[in-house]
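Look for chain A in each of the two complexes below; its partner is chain B in the first and chain C in the second.
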Partner chain A sequence: MNVSLSARNIVKRYGGVVALSDGNLDVQSGEVLALIGANGSGKSTLSKVINGVVVLDGGQLLLNDKPVQFSSPQAAKEMGISIVFQELSLIPLMTIADNIWLTREPTKGLGLVDRKIIEKKTLELLSLFEGTYETVLSPDTVVADLPPDEKQIVEILKAISFDPEVIILDEATASLDSRQVQRLFELVETWKKAGKAIIFVSHRMEEIFRIADKYTVLRNGFTVGSGEIKDVTENDLVKLMIDKESVLDFTRDTYDEETMNQKPVCLEVNDLKTEVLAGVSFKVREGELLGLGGLQGQGQRELLLALFGDIPFKGEVRFLDESVHFRHPRQAMKKGLALVPGDRNREGLLYIRSILENLLLPSWRKYGLPLKMKKSISDANQVAASLNLKMAGLQEPVSSLSGGNAQKVVIGKWLMRSPQLLLLDDPTKGVDVGTKGEFYTLLTKLCAEGKTILFYSSDDEELLGLCDRVLVLHDGKIRSELIGDDLNKESLVSASLGVTNGGES
Partner chain B sequence: MKKFRISPPVAAIILAVVLFLLSGLLPNGYGSDVDVAISQATNIVRLAVFLGVIAAGQTLVIISGYEGIDLSAGSVVTLTAILTYVIVSGENAMVIPALLVAIAVGALVGFINGLGITFLKISPLVMTLGMSGVVTGAIIVINHGNVSGKIAPIMTRVIARPVAPNIPIPGAVVIWLLFGLFMWALLERTTFGKNLFAIGTNRVTAKLSGVNVTWTNIGAYALAGALTGFGGFLVVGNTGVVFIALGQPFLFPAIAAVAVGGTLLSGGKGSYWGTMAGAIVLTLITSLLTTMQMGESVRRMVLGATLLALISLYGRQKSFRQ
Partner chain C sequence: MKKITWNSLTTRNPALFAAILLVLVIVINAIVQPNLLAIDTLNGNMRVFLPLILLAVGQTFVMICGGIDISVGGIVSIVNTILATQVGLNGSIEQLWKFVLISLVAGLLAGAINGFFIAILRLQPIITTYATGFLYAGFALFLLPNPGGGIPRAAADAYRTTTPLGIPLAFYIIAVILLLWWFLRSTKYGRYLYAVGGNAQAAYQTAVPVTWVIFSTYVISGVMAAFAGIAITLLSGSGNAEIGNAMTLTAITAVVIGGTALSGGVGGVAGPIMGAVTMGLIQNIISFSNVNTWWETLVKASIIVVALAAPGVINLFGRRKS
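For the complex of A and B:
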């Protein structure tokens, strides 16, 4: 049985944002194609288009050289295309068997579900990963009770349970241990022999070189290169992923390590551990703008939340020469910390409340009883003006603001308290270019005033343009620390992907 | 262009006026007699006071969001009314102690509601409904079904009678206006009020902005209980008698009054002025049904259906929470 799948000039827009401008790939029976790209390059969008999760805005999908259109994931499944998601699509409170056979339950007469066949087929599937489970897996185990790696395995089994022709593995190895990855790769080999086509989306170079036959690299929504894996090296692929010309046009002061080292330490973290972080240690000095880099979801968010007292952690934190262990954001806030969270609408704003109330939320207590409204309004106006906040008035709801202005409100509510240490979680996400420029100026200004900033960004350009020093996180650990000349696009991307090219690891 | 919008409290007042004018057209309405119309209007506002005060606590817990509601309010009214009745026993001197007890007992019940909702993570609906059963049971246990007591003359004088012989404004209405001012200050001019709106809108944002979500939420329920206790005190001051089913009929209209007053049932937005207007609308509807000389059972059915219609109508406002 031969199968081939091609994507030609795929375009996908989300509102005004172009996620994919020209996505192309080809994969055939008996091949593993690695789909590679940096954060936001369009990998996930392209796999979603192929799988029918999102509808394409332009271009063509060819299955066995015939144009096809999938209106839903169900339609793609019927044509033999299956995807293993990185964010799990399992229903936690249902059993393994029920999850795998959901909507396709084998039935006997009268439409009753045939439990025996389900159990037998599920056992067959589970035996594929025999020996790699920590727990005893039976078809009746509830998914919520499984550790993350075994959930991922169930997800894989679910995707292959209807014997698809094309299998897309979207970061499927991220939560598996080495034995499980080994077993998965053995299975991939048998699928190849059985004539299936496999698309392997991954950030792990080592795995790509182990398993893939061909590669396709995406950058900013364009397919920028494809070919045989045996013809390239890791560094060739990294270079393809990097857009040389687009480094931010923003000049930072030259970094003087000696001057910086004389300044007092603002924050010192020793062996900080959470569910995600596996022991993180670093120091930040006063007036420093320290960047946090790496792929999304490597523990940057958890680090910032733990420092701010929102999630529990183990380890030692010293802030301004005082040992602290915040258990509620309120305590952190009182000591002079501030957090701009990653999800503006869900974590940073009171969407239906006024701009005034959003700006003053952390500070009301300072305005006495009854609240001194005139004072609060003039203070809020002052901060709004300093941020160049474009609004119809302080009484208007935050929902009336654009993304960039809404983010100014989130930053503004902390500036009203003049914090000593700002923790920023991807603050320029979904913010227009003009406002981004204003943020950069603001951050540099704050540092010059002696404030300290810990800055995570999913945009490598920003880290390069703004920070003197960047810690790259990978799998909950600090993978490398990039300073001065070592801080360039190539080293940043390599470190993010876990590629070690001679430097410290 | 700015869209023309009527704020919900104003809309409720307009609704009340329209309903009142319509009620004059009924066969046994006030017709063209202005004096009768005025005295009837005054009486309706006077009756709305009790519903309005009881709905104050409801306003707080509904603003606190996340399905906040207080279904124990009806039984708390009964309990605090009986306590007032028993403690006062006709003595003017015992009025203040009775008032304090009513408020304290209400606050205690609300505090327990708050603890169950926040620490045991019981949904407000289930927690307060269960508490309603507990309080009703407690009333029966304490009194063994018969109560002896009496309200004091000063209560009747202040609550039920006009302020002065030549000013036909009932004392209760004056109390209500002062109470409204207190509620406005509580919601708009205290840190607690601001935090209450914040936790009703988005608890993640609130926590990450340093708001103590748990204790603000418990505070809302405790305060709601205290206000309902005050409501019980006022109710018995008006009726002068107590019985086991005294408070329950206030419960559902109070929730409806909050909704009609423009407070979002999903939380995070609302005002007590709106609830006051809503209480007047609800009282009018009840009196309208009485004026139409419906039988007690038919009236109950119509009232129930009207309340459901109102709540569903107002409950449809979209929550902007994402």
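For the complex of A and C:
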């Protein structure tokens, strides 16, 4: 059994955004190909194209050197291509067995699903990971009751249950523990021997070097390098992933640790724990712009939400020398906190309502009863002007604005309350370059005015250019703290990927 | 081992709450109406409840798949008016059978129209079926502007008095429905229903034919509404174009009491059947406790609100503790 899969010059656009400009890869029977790249480099898009979940806009897929086209996941499946989804494709309220065999249920007479065969086959599959489960897994366990790692295993078992030729593992190890990863890798070895081709998408360098035979690196939607793993080092790969030409040039004041340390502490967090965070402690001083870095989904979002009282947490938080434990965002707002959430349209804005309403949403209380509309309009205009908000008028719906201007409304609505501490969750995502520049100026200005900012960004360049100090999160913990000379691209990427403890002094 | 909570119990057995409520209502009803379990009373009650039961069963399919069908009352009315105007009091039994078949086809078509809008054009279920519900109700009024017409006396009598082996007819029908349901639930189609309602995106990625599954639930709902229309016509013996109007929301309430979430992905048919019987018995209790007619709706609604709120309140206490 020999199989080979190639992608040639794959292009994929989502609306006006080009996710993939020139994606290439080759993988053959008995090989593990590591697909590597920084956040937003196009890895997931490329694997989705190969699996038929998204349809490509240009380029060519070759299966066994013959051009193929997948218009749906079903088509790719029939050709023997299977994917382990990072975001899981399981139905929470169905059992493990029902999930694994969904659409491929063995049946007996009258079209009845043969429960006995399903149970037997499911037990066989479950035995592949025998001994790594916390709980006793039976085929009848409901998926919603499982911890994340076991859900991920069910997703893996589902993908291999129809004996595919090509297996894509998209961040399949992210929620597994070391024993489970070990078991998965043993399985990968047996798949290799059986002549399957495996594409391994991962951020974990250590795993890539353990399992992969070849590599392909993506950067900003382009394949920028590929070859044999044995010919390269971790640092070579990291260098390939880093964009040498920075799009933006920032200027920031040189960081003076002395002066900073004299300022009062604004926020002190001790051993903060949530479902995702495993104990986070740090201090921020007034006027500081503290960056949060790391790969996506390492707990940055949870940290910001917990501080804002949006999700429950355990641990100690001191804000302006006062012990606080917010249980509702309203309490946090009253103390002078503000949150710019990660999903602008869903969490930050009333998308179809007017700019005025959005700007005043957290502040209506100030305007009495009946609302003093004239004053509110003039206040809103003032904030809009100070942010250089480009709009047709305050009465226009937010949906009429571009991404960058919509984000200005989110920031503007908090500025109207003049907060002391701003929590920013990836505020420049989907924002054009010009507006990004304006944000940087604004953030620096706010800090100079004595406001404190906690800033998570998925864009490493931003953190490097803007922040005095960056905390890199990994698996719900602060992996390293980068200050001064240690704060450079290489140490940030290495720390994010967990290559070394780079930068920790 | 995991501790047993109300939440985990109801996830596994969505009909649990309906069963508890049903027992409670039967006990109360037996107190105000001591001969409740006598065979005649039972038959009398069950033949009244049957149309609602049929309607609730059809609705269950739609709701498991995450949709809602509020056009069913209109379909009941159409069927009722077809039978009452086309068969008539003096019609033959053959004539009746013919139009029973035609009614079922009408229900199927009405369901297919809903399914086309919702599954294929991807419109909002609640608004779409609200609108088509008016369409169907309007068509019923067109067929029969003023109450009247009817079906042969013999047919109505047969519905009233048929009790094979001394057991009311409705129980046989319920048994058939439950058997069919248990069969269906064990087929691929049954899995697809829960998969689409549970997470349509994941179901699509797993190559479940999502569109056709959704479409089919509205067709089933339409056909079950036609059966309900036939039953209610046999019960009343006459035609009235507004007969179905009040039934829609009662049936949806029965399904919700029966443990099928409006969000989809959970539930079964047994719960809604118990829910429908419960709704009927609540009406009974009110009639027998001599509540002033003017207060009837208020009392009935209060009981229903309490019944609907109970699982939420229990869950709230569960949340507080954790």
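The definition used in the following text is that the second predicted complex is superposed on the first by the 500 of 505 C-alpha atoms of A that agree within 3 Å, B and C clash if a C-alpha of one lies under 4 Å from a C-alpha of the other, contacts with A are read in each partner's own complex, and residues count from 1 in each chain.
FYI, a contact is a pair of C-beta atoms (placed from the backbone, for glycine too) under 8 Å apart; a residue touches a chain by one contact, two chains touch by 3 or more.
Please read these numbers as outputs of a predicted model, since none were measured by experiment.
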Considering only the touch criterion stated at the top, classify A:V142 as touching first (chain B), second (chain C), both, or neither.
second
Which partner does A:L371 contact after superposing on A: first (chain B), second (chain C), both, neither?
first
After superposition on the shared chain, which partner residues are touched by A:F70: those of chain B (first), chain C (second), both, or neither?
neither
Who does A:L88 touch here: chain B (first), chain C (second), both, or neither?
second
Figure out whether A:F313 sits in contact with chain B (first) or chain C (second), or with both, or with neither.
neither
Once the shared chain is lined up, is A:Y215 touching chain B (first), chain C (second), both, or neither of them?
neither
Which chain A residues are contacted by chain C in one complex and by chain B in the other?
none
Over in the complex, which chain C residues touch chain A? Could you list them?
2, 8, 11-12, 183, 186-188, 190-192, 194-195, 198-199, 201-208, 265-266
Okay, in this complex, where on chain B does chain A touch?
185, 189-191, 194-195, 197-198, 201-202, 204-212, 264, 268-269, 320-322
What does chain A use to touch chain C in their complex?
53, 72-74, 77, 85, 88-94, 98, 102-103, 105, 107, 110-113, 115, 142, 144-145, 158
Chain A residues touching chain B - in the complex, by the definition given at the top:
308, 310, 328-330, 333-334, 339, 341, 345-353, 357, 360-362, 364-365, 367, 369-371, 373, 399, 413
